[in-house]
Structures are given as C-alpha cells and as structure tokens.
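Note that the chains take the letters A, B, C and D in the order they are written out, and that residue 1 is the start of every chain.
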C-alpha cells in the first residue's frame, strides 16, 4: 500500500508534537519532514526523548522548497498570523493543507482583522471562499473535497459540538448563551511565562482574557450558522458570553454552557434522543444520558468529545457539559481526523488512542 | 488577660482541623475541649502530626455534660442535620455557638426540609428567629449580639460577597443570574470515595450536583434579601442557576458569576467605587480594580475574599470573579471572624494568616 | 487470521483496566471474558466511561467453568495469595496464564511464606519449577515456551532492568546496593484509604514500608541470579536496602540505585556500550548516554524502561536512574509483552503506545 | 517597644517573598526597605496581590546608601556570588546580616572556588573567620554573638539535622553515606525554564545534577565537623553521595539518608532517646519515634524539621527520613530564626506558622 506523504510545519510545540505522536503510528501515512524553528538540526528524539526508537528523523528549518516536493499533505502548526503567508504557498504547489492556526477559521476577513489585529492579503483572502472549517461532525462532506481545512480552536470545538443540536433544532433561544470553559495548561502553549511556571500555576486557578478571547468570533460564526442557517457571516448573529479559566492539570477542556430553553421545550429523554441522532454518524462524539455526565479523564489522551446535559427547570435553562482533550480533539487529533477524511481513509484511522487514565 | 474558653465539636474533619490550627495561635482564646467521634482517646498530635508541639491535648467523645460547663463558646463542625439536635442543648446552657453546618442557615424551615430532607423540631425551629447568618460583611451588628451564628457555606460566601453590591444597589437584573463555581477537593470533605481517590481526581475535572446543590437556597435567600430587602423569605425571590465543579487542587473556590446589567448601567470605574465603598469597613474583602482579577493563590491560606469584575458590553452583562479559601473564609476562618465579633475581639484577631504560596 | 482468545480475571483494578485498554486495540487478540468481583453484571463502559464505544462487553463474576472453555490465555490480576489457588485450576485446563500477582515470582516457597505470610499448597508448589519469571529482557527464551509466567512487580522491573548489566558483568560489588524508589499513586492501587485521599496525598510526599517491602525478595532473587548465576535460590545471595516513596502523580516509577564500582572499573563510555549490547535485542529498554538521564514523562503511557547512569568518582559509586510506567512496563504492558512472546506474536504487538505527555 | 529595623535585599524571589510574609507578622520587627531588581518602583501588592492590605510599601532598587542608614539588620536573598561583594559593605556600616546565599557557608575559600567557580576577594575572605553557619540547632551560642550569619542551604538543612546525632555520637561509619533528596519545585527558584513550565514538570519526576550539586561541600563540611570535631576544613573529611530529585509539588524536601551502623549499634529505642536529647532545646526539630515517620505535609508552611528513622538489620544500615519546607526551615524561616537569636528575641518569635494542610 502506498502511504500518504505527510509533513508537519511547526512540530515541536504542544500541538505539533501530538501530531507527530499520532502520525508515527498511523498506518496509512509516511512522515517525510518535520520542521522546527527552535530545534532545527537536532534529531527528533533529542528534543523528545519519549520518541526515541519510534522515529529516526532530523528536524529541519521551514524550507518550503525542500518540503513541498516531497509532501502530499502538510499540517501547519504555526503561530496565528504566520499561516496567512505560508499556507497559500503550499496550496499553490498542489499540496493539501490542514492549518491548525486561527488564520482561516473566520469567513469574514474584517472579523479576522478586528479580533486578530492583522489583515488578510489578497491571496489569503481568496482562499476564504474555499477553505472548510474542519469540524467533521458538521462539515464531513465539504472536508472530503477540501484542499485547505482550517482546524478549529480547542474551546470552539468543545462548545460548538456541545450545543450544536440545540441550536440546529431551535430548542433554545439564540441569545443569552453563557459559556464557562476550563482548560488544562497545555492549552496555554509552550512559551514560558511566570503564570505558567510550575509553582505559580500549581494549586491555583484563575479566569483569564475574561473579555475578548479570540475564540469568540469563531464560536459565534458557527453557532449562527447552525441557528440561522446558510453561511451567514454572523452580521446579525449570535453573541455569546465566553470566559476561559486556567486549571492546574495538563490536558483537557471542560465547557459548561448555559442556554435558555424555549417555552415548549422537550424532556431530557427527548433531548437525549435528538443528540444521539445528531451524532449517530460521528464516531468521536459520545452523548451521555442524564444523569450521567462526562469528566475530563474520560477523554484525556483520546480524540473523543463527550457531552452531557441537564435541564434546570427552576430557571428554564439547560446546562451542557462538554469535555475534550485540548491537544487531541481540540487540535492534533481533529487535524488527523480531517486528514483521514480528506484522504479517503477511515475517519478513525490512527485515532483509536488509549485513554491516559 | 482572661481568655475565652472555647471548644470545638467535630475537630478532625477538614473544617474542624482548620479551626484548631487557627485557635492554637489565637491570643484571646483558650482551647478547652476538642471532640472527635473517629479519634476520641487519641492525642491531637497522633492524628495530626503537623500539630506536634503546638497543642498537647487529648481528643474526646462528644459528651455535652463534660464539655459544656468548661466552655463559653463552642464551634460545632458536625455533619448537616446533626447540629439540629446538638446546638440548642448548648445554647440552653448559656454557651454561645458558631455552627458550621447548614442546619440554621435557612430562615424558612420548609425550605430547609425541601433541600435537606429533614425537618426542624420545635426547639430548633424556635431558634430560627434568633440565629444570625454569619456573613460579617452583611450582618456585623447582628452578629455582635448573637448567641447562635450560622456560619455560611463555602460557595455561598464566595457568591454572596461577590455580587452583593450589585444587588444591593440594583445595578443588575435580579433574575437570570448564573453562577459557575470551581472548588478544590477539600471542599468535598474527608470521607473516602472513589471520586476523591488521588489517581481518579488528579488530572481530572468535572461538574457535580449540576442540578439541586443544597447551597442554592442559602444563596437565593441572601441575594433576595439584598435586592428585595427585609428578611424576605425568598417566596417570590431570586432564583439562580448554580453549577459546582471539582478541580484538582487542595484549597480554593473561584466563582464566576454572570449578571445582566440594567440598561443605564455604570462604568467599570463607577462600579469599582461602589464596591470599594460597600466593603470599606470589611477587612477581609479586597476589591480588585479592572483589569486586575483575583486568583485562588492570592487567598489560599488566608481569610480573604478577593473580588474582581469586568463588563462585557457586547452582551450587556457583568462578570464577577470571586475567590476564597474554602476552608478559611469559606468555613473555619469565617467562623473565627464571627467568634471575634461575638466576643468583642478585633475582627482580624488570629486571622492575619500567612498566604500559602 | 484467527485471533487468540483471551480473558482477564480481575479487570477493574488499575492493572486490569490497563490490560483491557491495551487488549482492546491488540490486533491478534479477541477479548472473551472480563471478570470483576465489584462490578459483575455491569457493562464495561458503565464502570469505565472512557471505554464507551471501544468494547461492548458485560463484566462477569469469576466463574472458571464459564471462562475457561472459551479462553486460550488468561491474565490473572488478582490480589496476592488469591492467585495461589486460582492459577493452577486454569493451567490444568490447558490454558496459558500470565499472573500479575506476586504468588509465583519467588522460586523458594519458604521465602514466599516468610514475606507473604501464606504457604504454598502442594499443587502451587509444583508449579514453581515450571513457572517463568516474566522479565523478557532476561528470560525471553523461557517465556516463549512457558505455560505460566509470573509477571514481575513494578519496583523489581525498574530495579532489575536498571542494574542487570552491572551485576551480570560483575562491574560492581554485589553487596551494599541501595535502591531508593519513587512511585506515582496508581502504584498503591485502587483501594480507598485516607493516605490516598486527594487532599492528603497531593502536595505531599513520604517514604513508606521503609523496612520489609515485599518486593525485596523478588529483587534479591533476580540480582543474585545475575551475579552468582544459576537458579541460585539466594540462600547466600545479594541483600539490598530498598526504600519506596509515594509521590503525587498518577503514573511512573523512578528508581535511583547506588552501587559500589569495583576498583578497576570502566569508563562511562565503556559502561554505556555494555548496556547497549546487553539490551540490543530488547525493544522496550532504552539506554541513555551520559550526561542524558531519563525522566518519568519519557515513559508514562508506554511500555518502555529508560535507563541512565553516572559515575560518582569522589566516592567510587555508580548511580543508576531507571524509569518505567508502573502500570505498563511495571504491570499490564509487560504482561502483554509476555503474552506476545508466549504466543509467537511480535514482541511489540499492541504496545506501540503513544506517550502521555 | 522599639522594633528592630529590618530590610530585605532581594525580596521578590521565592525566599525573599517568604521573608516578607513572615516579617509582616513579626511583632518585634519593622520592615523598612524591600529591594527588587525586577520590580523596583512597584508597590509590593502589585507584585504580590496576596499581600494587599498587609504591607503598603514600594519596592526599591538595591541602593545601599539609602537602605543602610535605616536598617539595623538586613537579609540578603541574592543569587550566589553576588553576596560576596554586597555583604561586607553592609557589615562595614555596622549592620547585621543574614545572608541566604551560599557565598559565606564554606569556611575554606578554595572549596568555594572549586564548587562555585568564583573566588573570594580579600575582604570577603576576611569575613570567613567571623561568619557563623546559621544552623541554630548546632551553633546557637555563636549565632547569638554573630554579625554575619550564613543561612544554610535547603538540602543541607534537611540532611545535617537529619543525621547530626548519629555522627556526633559516632554511631555510624563516617564514609559511605548516601543521601537521596526529593524537592518541590519552588526549590528550583523563580527563573523560567522549560523544565519548570507547568506541563513539563507536572506528572513528571527526575533526578538532576546527579553529580556535583553545589550543596555537597556544605553538607560535607558540617558532617565532618560533627564527626571529627573542631572546625576541620574537611581536608580528610567525610565524602557523601548526594542525588537531588525534582518532584511535582510546590514546597517541601524529603531526604532519605542511608548510613552504615557500627557493629555494636544501639536499638531503635536507644537511638530515639539520643535524638530526643540532642534536640531537647531545639524548638523546631521534632523527632518521630519508630515506626512513625514524617511526611512533607507535616512541615509544609512551618519552620519545623521533622525526623524519623528505621534500622535495617538485614543490611546493617540505618535509614533516616528528614523533611522540611524548603522555603521556610530551608531558607526564610531559618533566616528569621537566626535573626531572632542574633537579636535576643525568643527563638520562635513570628515563626509559629500555621501548617498549610
């Protein structure tokens, strides 16, 4: 069997490393090049001794002339705004791209500029009409045919999957949605800062970016599409209140979402059935029936998104609990899931990962 | 100086132990008796070797005939519903009581029955008219004269202090309040269960008692009083949506509260001023000015409640972040603060604790 | 391809669960029966929601009449001394057994009695001449032909692999060996106790069983064999000083071993070469060259044993650092490795696990 | 009562911050100046919000002309080799100094040069004859009269206190001592590095500086003095094998020491008595009687050193377990203890700290 030639640009950040760890075991893939601006020239196992004996490869600089000819699909795990320039160059060479940055997630270039303080150029803007938002549970058919997939953010993945059926089926009011998310520390990335220094972070918790986290427009874009339909660019769309928190554990996001049920709302059993149907073809979404609720450890180390819910009749709200591994379903796992779909592989190929705990 | 003779009933649970640790260093108090149903007969330092050399005392059974004559004030740190019987017996003997259970927090005995599945008896019910809810920032004058103080719950302390000024000054709508609280594991107590076994709890997080946590009526009682005034028994009062979460750290609660601002709402600066004034005589509440926000480690090991907030103009809401040490301001520290006030001691006596980190 | 029919007796403890997690993905194995005394009657995914969608099986009681006819190989993950009775019954029916208990690790039945306070019966004693100690790096050829493999303890695995080449090549004195081991909390098992309650264990560390840990005779048996040769039953053999410590993390053992180098000892480079040669056919042992040293996170989630060392010329000693995942190379992973060898599968089949971090 | 005027040079590292936290509550001290090279100009509570309302002071640069005239005693918590220059300048102005660096701990300037790669200058060398090694349990009388006290290192404190009675009473062989120490992460300081980034450090453990940790000569100097007597400069003295490990918790050192008992050694009961007598006047050393052993959480947040031991008769060794809070008895707490003694205050003044857990 001929294997797909795959490279990873930015392979030594947390998401990049997870990509490598998955792809090393992926039976339909050959890892060709791994780039790292920090560690170019070193052997992979010098940087990640845990991979000693698993892959004997030397990290290289991001030299597109070298990487492109050898690669059929490339994962770009670069800082936001860097992908803007790099990704089109790869696409032009006929290489498929799964981009893990936020640069191609927002369909509206003005929204991107507003939230990321950087403008699209003409070339990147042209790609906005062709890029597919890489949430396979919503866009499977489009991903199948895509050349460029914008891999969703970690918080948006947990939130959108958590409440998509409610909005799609118009069981809830579209406004007044409150999202309280808690993330493990790998979500903050590998850059050093005092707040992520072990003794400062351990035995602590805090809210951060309480106003204006850049994942908000991505969440609102997709929730608006679900409720109002079409590729509405969220001009008059849903506005959410989103608060992320930093929690002292390595991996995992738990999002608690509060929505107002419409008056004639369904029972928990009926809603459970709607969820089950909505996700019946989605191998990585597991719906818990009340009173069972998901916990972070059920998904840590896996590509699952586990979802549970409860109706709070006293106040007419529904609470959704949604958990993912921020580095897997929230980043690298979902990226490989997208690659699988784009390449005609089984969706779960290489992703039947053993849960951590 | 003659010291106040103090005993602790239930001194080896987490709250009881914190009481002992504070009282050992309290200059105006003499610790007379410590009871423990589990460890009666043992020396305190056999159970808590960290207190070796600090207090040479033997734990005893809860024998009221023995304890009462020697004590002027007693802390009862008993499981909920046990205090119902015990507390009046102490009060009848002229002993002041700070009760750390939930049994006397709810003014409405029917509400107590509804949420705790246990009825007041005639004697305990009589005390409901005299008991004071022990939140000194709201009830300082009443606590001063009280014989029985019902020490607030940990979540309610963080929530009520966090949003009291907003409700008192009617800056927000009284309905639609959402409270998302995160607690360290000591908040779940010392009873063994698989969910609190280290490897199950570490590197995990989860929501629990998502509907119907017993702290809800206590929160609603006090928020209703603040907004609607009087000792309204919350018949037509405020209803909140409350979700507690278990987080892998020892101590600390962080409550994120979401409220709808009234249309003509004030600026962050004006609201900050209102908070500062509201708490100007409260030595244990510290208000952070935006954009600063409190973190759990600022209060761990202390009796402080730190509060910060942000206005989310996109959705017309205000977010309040409130943090406490669940065992101190959320239990034992606040209980000693109440004792200080009841006894005419300086409010902060024995409570200038060194922060943990 | 016909798959090997495998059952797990005791599948819901920490080691049993890891077995299931590995075997679910093992391409040459069909999981037939899983027993659990605590959870019999429940679906696996009710007990371990993380396995929802991975294996649809109901846990059953340990009914040998039911399990045996369907199984070709059985893993017994039972409390020590229970295996004594159960294992021979399985063997008699022609089923191969990998026993994860300590019951068949010691060749000398008197030593077993001394350390485990329980005697072998005639039948189990007979099996002592046929059982193979399941450390594949030392006994590969014997394991290949074995019907009963005694899977090594977690501490012994880290220690024996760590220092085997030194003893085998007589580079060190056989006496005066000091072993200081540190283990994550899953090593203490799933039974509830106050010392393993999250707030008691978190932010704490301690030595335990400082004298007389039951893994000592197993370590001494194998070290003596390595140094003195033969199946010497350690009558005049090596005596070690062993101290285990409990560390607040989920998985991982780090053993620091201190040995006296013989006078004419080799250089670090020469010793490194000896280690590399000793383990050249062992896919799960990775030797680090000085000054590199292994860390627990390099092996967590994998079946590797990583080994590093340093010569301390000032005192004429060599220090060995050896790390494993206590639940994998220290239990379930090694058990599957043994099964692979016993069954003629590739040694690494099903064990190319993705590292946790 | 006139208070002692005290300043802290280097008040925002981990040890400096602990000093401030203790001194804020110390009844016989007035904090005059706090310096910080990183945060000069900021209010203390801007840097450490946990101290809001406790001390209203602005951090300043290390301007000796400004600090010296106002101060009677100064704590210097500076990086190693910086104190060499600064300390004599303070002493010349008649200010007493407790130096938390390693610069004045070694009596032999050549040893200092060998281990710290920096030479004493003539002035600092002159002070070596007058400086007192600040371990009050050994040098109380000298500390009382000292102008310069070299505050011991964290590891040395745990080790020397742990085994001093054995060496002093010649119960053990002076050679072959093995020390295996485990430290929480605050021991590694506040400087950012990838190894201390939360996700790299959490759920990990490792040995580090396995050969040549700079605390070795300090340990050997004091152990040699204890065994061989005099201010022997360890020319022919004791050589130890020392290995530090990094453990994922904030505070605490646990040292496990292995020593060879002399042939006619005493029983555990007799040794316990020797320890009790040795430390009978030392309020911060607590000796545990076998089989009780100390744990890190017994001392976290306090100035205690807790010591336990066990005789391993099978191999003729004694194992000592010694625990301290590395930031308190291992740094700031001991420094204040030294100040108390130097100033004629009660030794425990300001140090009856509440244990963390």
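Just so it is clear, a contact is a pair of C-beta atoms (placed from the backbone, for glycine too) under 8 Å apart; a residue touches a chain by one contact, two chains touch by 3 or more.
Model, not experiment: these values are computed from the prediction.
Undergrad: Which pair, B-C or C-D, has more C-beta contacts?
TA: Spelling it out, more C-beta pairs touch across C-D than across the other pair.
Undergrad: Taking shared residue numbers divided by all residue numbers at the interface, is the value for chain B and chain D over half (same) or under half (different)?
TA: Mostly the same residues.
Undergrad: If we define chain centres by averaging CA atoms, which chain lands farthest from chain B? Would you check?
TA: C
Undergrad: How many angstrom lie between the CA centroids of chain B and chain D, rounded to a whole number?
TA: Inter-chain centre distance comes to 37 Å.
Undergrad: So the centre of each chain is just the mean of its C-alpha atoms; given that, what is the distance between chain B and chain C in Å?
TA: The computed centroid separation for chain B versus chain C comes out at 47 Å.
Undergrad: So, what's the distance in Å between the C-alpha centres of chain D and chain C?
TA: Chain centroid spacing, chain C to chain D, equals 39 Å.
Undergrad: By the touch rule stated above, which residues of chain C touch at least two different other chains?
TA: 199, 202-203, 248-250, 294-295, 297, 356-357
Undergrad: With chains as vertices joined when they touch, what's the shape: line, ring, star, complete or other?
TA: complete
Undergrad: Residue numbers of chain C touching chain D in their complex, please.
TA: Touch residues, chain C against chain D: 176, 178, 180, 182, 199-200, 202-208, 210-211, 239-241, 243, 245, 247-252, 254, 256, 258, 293-297, 300, 310-312, 314-315, 317, 319, 321, 356-357.
Undergrad: Within the complex, which stretch of chain D touches chain A?
TA: Touching chain A from chain D are residues 14, 184-186, 190, 192-194, 196-199, 201-203, 248-250.
Undergrad: Along chain A, where are the residues that touch chain C in the complex?
TA: Answer in residue numbers: 21-22, 25, 49-54, 203, 250, 283, 286, 288, 292, 294-295, 297-299, 301-302, 304, 306, 352-357.
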